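Chain nomenclature is as follows: A, B, C, D, E and F, assigned in order of appearance, with residue numbering initiated at 1 for each chain independently.
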Amino acid sequence: MKLAHFFFPVTLAILLATTFSSDPDSLQDLCVADLSSGDGYDAQGHYILHHALSPCVSVNGFTCKAASKVNVTDFSSNILAKPGSTNNTFGSVVTGANVQKVPGLNTLGVSLSRIDYAPGGLNPPHTHPRATEVVFVLEGQLDVGFITTANVLISKTINKGEIFVFPKGLVHFQKNNANVPAAVLSAFNSQLPGTQSIATTLFAATPSVPDNVLTKTFQVGTKEVEKIKSRLATKK
Amino acid sequence: MKLAHFFFPVTLAILLATTFSSDPDSLQDLCVADLSSGDGYDAQGHYILHHALSPCVSVNGFTCKAASKVNVTDFSSNILAKPGSTNNTFGSVVTGANVQKVPGLNTLGVSLSRIDYAPGGLNPPHTHPRATEVVFVLEGQLDVGFITTANVLISKTINKGEIFVFPKGLVHFQKNNANVPAAVLSAFNSQLPGTQSIATTLFAATPSVPDNVLTKTFQVGTKEVEKIKSRLATKK
Amino acid sequence: MKLAHFFFPVTLAILLATTFSSDPDSLQDLCVADLSSGDGYDAQGHYILHHALSPCVSVNGFTCKAASKVNVTDFSSNILAKPGSTNNTFGSVVTGANVQKVPGLNTLGVSLSRIDYAPGGLNPPHTHPRATEVVFVLEGQLDVGFITTANVLISKTINKGEIFVFPKGLVHFQKNNANVPAAVLSAFNSQLPGTQSIATTLFAATPSVPDNVLTKTFQVGTKEVEKIKSRLATKK
Amino acid sequence: MKLAHFFFPVTLAILLATTFSSDPDSLQDLCVADLSSGDGYDAQGHYILHHALSPCVSVNGFTCKAASKVNVTDFSSNILAKPGSTNNTFGSVVTGANVQKVPGLNTLGVSLSRIDYAPGGLNPPHTHPRATEVVFVLEGQLDVGFITTANVLISKTINKGEIFVFPKGLVHFQKNNANVPAAVLSAFNSQLPGTQSIATTLFAATPSVPDNVLTKTFQVGTKEVEKIKSRLATKK
Amino acid sequence: MKLAHFFFPVTLAILLATTFSSDPDSLQDLCVADLSSGDGYDAQGHYILHHALSPCVSVNGFTCKAASKVNVTDFSSNILAKPGSTNNTFGSVVTGANVQKVPGLNTLGVSLSRIDYAPGGLNPPHTHPRATEVVFVLEGQLDVGFITTANVLISKTINKGEIFVFPKGLVHFQKNNANVPAAVLSAFNSQLPGTQSIATTLFAATPSVPDNVLTKTFQVGTKEVEKIKSRLATKK
Amino acid sequence: MKLAHFFFPVTLAILLATTFSSDPDSLQDLCVADLSSGDGYDAQGHYILHHALSPCVSVNGFTCKAASKVNVTDFSSNILAKPGSTNNTFGSVVTGANVQKVPGLNTLGVSLSRIDYAPGGLNPPHTHPRATEVVFVLEGQLDVGFITTANVLISKTINKGEIFVFPKGLVHFQKNNANVPAAVLSAFNSQLPGTQSIATTLFAATPSVPDNVLTKTFQVGTKEVEKIKSRLATKK
């Protein structure tokens, strides 16, 4: 079987997204992100090219706004104040307060997220390739865990007010096995930590990962692979 | 006037304390801190020498525990679950969940704190020299601000659920001007962010900063300097 | 369902393994790894504690050998000269020439691997959380690809003499769809790049990742999950 | 009391100024600063926007000059050859040979300053948040010191030809208690080390730090705070 | 003797070339080099200014291509598939697959080269100032070595399939003392490792290094210096 | 011709010496070097093994002294106060105030040197592989220069009070062409910048760099090579 070799220009609108690093150091007090200088997503979640916004240049991270356009609101946000809607397949939702939402974070190497979980909700196994995450339980109870590269699961049930560490780059998850909603605040040592969700990465990429890779990886047949693909197709 | 030149061995028990950096990267999955490998404070806040604890070696950060001593509790803590006591001069208290309390954070470059404020309470102007801080308001309302090296104050009133960014190394403060208690969760991009509180640094160090430095710095007389020294002396 | 909470000391022998970073810089010409200073695996692949080898200390990376024990062979190896055996479930084998095998690489931030593939062989989807990989095809032909965090598959068929880049932290794979063996040389910007193989991470960890996490993640039933677990159980 | 919340555009002309880091590494031999690419101060010390100078882009640090505009003078300067005027309140003056004056330093992570002191002159307590400083006494004698985060003052009298280290981010000062002028050369591990002078940061920022923050911080009354403010107002 | 002081604009076309670092971390998945954003060489090896190619900006490393222009071929190359011509004075040739040839390597901190050697061929003593190199022998046999800053030569004869480490910044060489051609693949932990070849640096720079520097350095007369200069003049 | 392959234990006493990096960040206020924790030179310049001094451990950089042994003198030195003797072949001498002499510099990433030059004296071409150097002329006049990897010499005559930048890793030199002595103070962004002097590296290493490497490198005969070797032999 041959790969359907993908050329970017055909379906380019979903490419460059997240971050991968303990970020390089800043070289001045502030370098508030000029959000038109990088690629991103619009309010509807569609990918947009910065070149539609700016005639100039895209760099590692973001260029700096002119000082005349910097405002105290660049350093603040109320985006994490309210729970997000968990009315979806996984019963969980991540709301990011990263450099894309709080431009004052540019070059400063830290960001926050809020995660809400319905009863039974799951934040499915994923990695933040270059950031460690520390969660603080705002409400409820969660079963959380990470797996080391030696395939050891480190897991615990954590309650309101407790914290838990997910080391940089390791696969981890949180599951609300209680009957009431739960919520955490997450801290990352990156301005844009990025997320690679394992199941959708393998079963819902565009173009598709070849079936013969997936059947050999999971030691199952094409039928099972197609079943998972169809069920995750609408979760992208 | 001559400085009272200080030689460490005389009063050594209060020396090495906090962190100063966007931390270097880790070189394995985990390197759980062997807390006996660095200097620190005991449960009563007294400084202790690691050499009283360990016959071996102190390094930049902490050495790693033997794998046989690593436990899931190294990655978790409930130290931030309850408000700390704000019954003190400033009406505020910082509780740190850094590598000294959560040894699994060693080499991972991130940590959390909780800050509680009585009505009228102040977290006085201070720096975290090598970490940016992002606060999330758990309860109440705070007037917060930081000052750039160009002497511009960037300030805002933030309410429950809002976040605010204090860029790396800049002097900042939080003041609860409301009638009810307030609390924030703070995220730092360092395993041990360190704090240099401005007033106590200048007016309550041991040995004392010479009076002729302080009078010239603040353009006041010795009497005013002595007054501030006496009032801050018991706040250490 | 409750997690079977794992405490390390019970099954500790498989913990600390791989690397996660663009490594910190060196502070002298050479710091040849004293391999007894870190945790590792013995010749049979069993995990060993450094404390059985050394009375002293484990640090981020490895401590340095005494100069009197440094030898030119610390900087060389023939471990990559011969193909490894591909007689296993995936039909592929990775042979690493990292700091654990070439102690002179300690603090220098680079390493090599050789990967051999039987006809039909697969190096299944995995991440190297803190290293980019560049492969050079020594023999044969491979279908290779990586998936971005925006779920775009970037893939290509590469032939003898061609190179391909797998960016830091992103899930990637190589599949030999030809009728003859293939082999690549891989370069990494880390002294110990680490590997988290997706399928075995989720379906063959110890203790097990809970079934209700896996069924919800892949949107299948317990039966399918158990089937994959049993087939991958012997592949660890 | 409410903060006078500051919005940048109103008084924007004094914002972004100094540096905060052990700088990121360079990616080519030279990247001579295009000084029109960042914000800065003009010859009269007034803040200028790069957008008045350049139609293009501001980044972390500075963009690189075109090779055709690079000259040997970009790597040299005589700005430190002569003592600066110490005819001011503090009796001291800092002359910086950083990237703003020596554009060849861009991306190279080091810079120099010269500090001159009148008899009795003081370089008042300040921080360089992301650079360590090492001074070499060119002339005279100085009483110097830094305070650790554990509030220990480390101080010494140093004479011509002696050096002294001020660790990264810690508050430090130099006082000329002799009857003759003094001068030092300072080395920093940053291309633009930045300075946050404690007294002017707290008592002479724009807008003002609220009085109730300052009275509580120093445990004095509003009268004393206003007195210090008025005396430092003209020292900005 | 006075130096012929060089001003860049006169002969500017050969200036900025190679890299000097364990590169800073990336801040998003991909930042494919827009090769028109930096200075470089054209297909004939002539230096070209980016300003002839692009109206915009040059940064540390390269700016990022617009996502719409990114293609799978940015991550691949067959430039190393065939031996280069060794028909030159030294009997060796280096072919680089760095960011200038594989733009997808931008911000990712790693690259490859291939070196071919005629019988008797020499890759003369040189440094890669900010990258460690690891070679893998593709064909033949080589005598290789590096010299530490304590002037110790570490050398070995390596054969097909063997690897050897040349630590960051140290002078090293490879010599084919066999009767058949040899070839290696080299891995570097930098996107553009750079090369400073010792003999041509000293004896074939433009303008010339002054004769009185070279005679004193090598403790020989002007005649010997001129002889070496003339023989290396055509090797640039 | 075969290399005389060197095994370290035979002549080990001259191995590990200098530094190679923009140093990693510190993780606490201070980590004063325990100089017995690394390899070094004794007062007579003989290499000593740390294992003769300490029963414990050698790490990247140095381990930290116990707080009880830290003293203000760890942060100061008068080693640069007096000119060194220039009564040698090159007519110049470098005196380093690096971490080996000022242990308080450990983890802080900066150091100083003083260089003295007799009339006609030369600091011969050399590299500091991972530090940029900035010199400040204390006395006299110097002709200084560096060569880029594109073989461009950037040179200038500098006088008392002037500064000049030598970018990281590039070959550079200073020559006193005047009739009076000269002296500079040098700043480096590394705690131990290291020096690889080109001529002695190639012509005076132990064991020797093979003659057939040197004759081919400089395009001269064995006679000339042997002549240079004999003249530099006593300069080590």
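Definition applied: contacts are C-beta pairs under 8 Å (C-beta built on N, C-alpha and C of every residue); 3 or more make two chains touch, one makes a residue touch a chain.
Chains and their UniProt names: A, B, C, D, E, F = Germin-like protein.
Nothing here was measured: the structure is a model prediction, and the numbers come from that model.
Visitor: Among all chains, whose Cα centre is located farthest from the one for subunit D (Germin-like protein)?
Guide: In terms of C-alpha centroids, the chain at the greatest distance from subunit D (Germin-like protein) is C.
Visitor: In terms of contact pairs by residue number, which of B-D, A-C or C-E shares over half with D-F?
Guide: C-E
Visitor: With a Cα-based fit, what is the angle in degrees between subunit B (Germin-like protein) and its identical partner subunit D (Germin-like protein), given to the nearest 5?
Guide: Rotation angle, to the nearest 5: 180 degrees.
Visitor: Hey, how far is the Cα centre of subunit A (Germin-like protein) from the one of subunit E (Germin-like protein), in Å?
Guide: Once rounded, the distance between the two centres reads 38 Å.
Visitor: In whole angstrom, how far does the Cα centroid of subunit A (Germin-like protein) sit from the Cα centroid of subunit F (Germin-like protein)?
Guide: Taking the average C-alpha coordinate of subunit A (Germin-like protein) and of subunit F (Germin-like protein), the gap between them is 47 Å.
Visitor: Averaging over Cα atoms per chain, report the distance between subunit E (Germin-like protein) and subunit F (Germin-like protein) in Å.
Guide: A distance of 24 Å separates the two centres.
Visitor: Residues touching two or more other chains, restricted to subunit D (Germin-like protein): which are they?
Guide: Residues 5-6, 8, 15-18, 20-26, 29-30, 47, 56-57, 59, 61, 72, 130, 148-150, 154-156, 167-168, 170, 194.
Visitor: Testing understanding: with touching defined as stated, what is the shape of the graph linking the protein chains, line, ring, star, complete or other?
Guide: Drawn as a graph, the chains match no named shape, so other.
Visitor: Which chains touch which?
Guide: A-B, A-C, A-D, A-E, B-C, B-D, B-F, C-E, C-F, D-E, D-F, E-F
Visitor: Residue numbers of subunit E (Germin-like protein) touching subunit D (Germin-like protein) in their complex, please.
Guide: Those in contact with subunit D (Germin-like protein) are residues 5-9, 12-13, 15-24, 38-39, 47, 49-51, 56-61, 130, 190-192, 194.
Visitor: Quick one: which bits of subunit B (Germin-like protein) touch subunit A (Germin-like protein) in the complex? Just the residue numbers, please.
Guide: So the residues of subunit B (Germin-like protein) in touch with subunit A (Germin-like protein) come to 22-23, 25-26, 29-30, 72, 75-82, 97, 102, 104-105, 108-112, 131-134, 136, 138, 148-150, 154-156, 158-165, 167-168, 170, 185, 187-189.
Visitor: Quick check: in the complex, which residue numbers of subunit B (Germin-like protein) touch subunit D (Germin-like protein)?
Guide: Interface residues on the subunit B (Germin-like protein) side: 1-6, 8, 11, 14-18, 20-22, 47, 89-90, 122, 124-125, 127, 129-130, 143, 145, 147-157, 167-171, 173, 175, 177, 194-196, 198-210, 212-213, 216-220, 224, 227-228, 231-232, 235-236.
Visitor: Over in the complex, which subunit B (Germin-like protein) residues touch subunit C (Germin-like protein)? Could you list them?
Guide: The touching residues are 24-31, 34, 37, 56-57, 59, 61, 63-72, 107.
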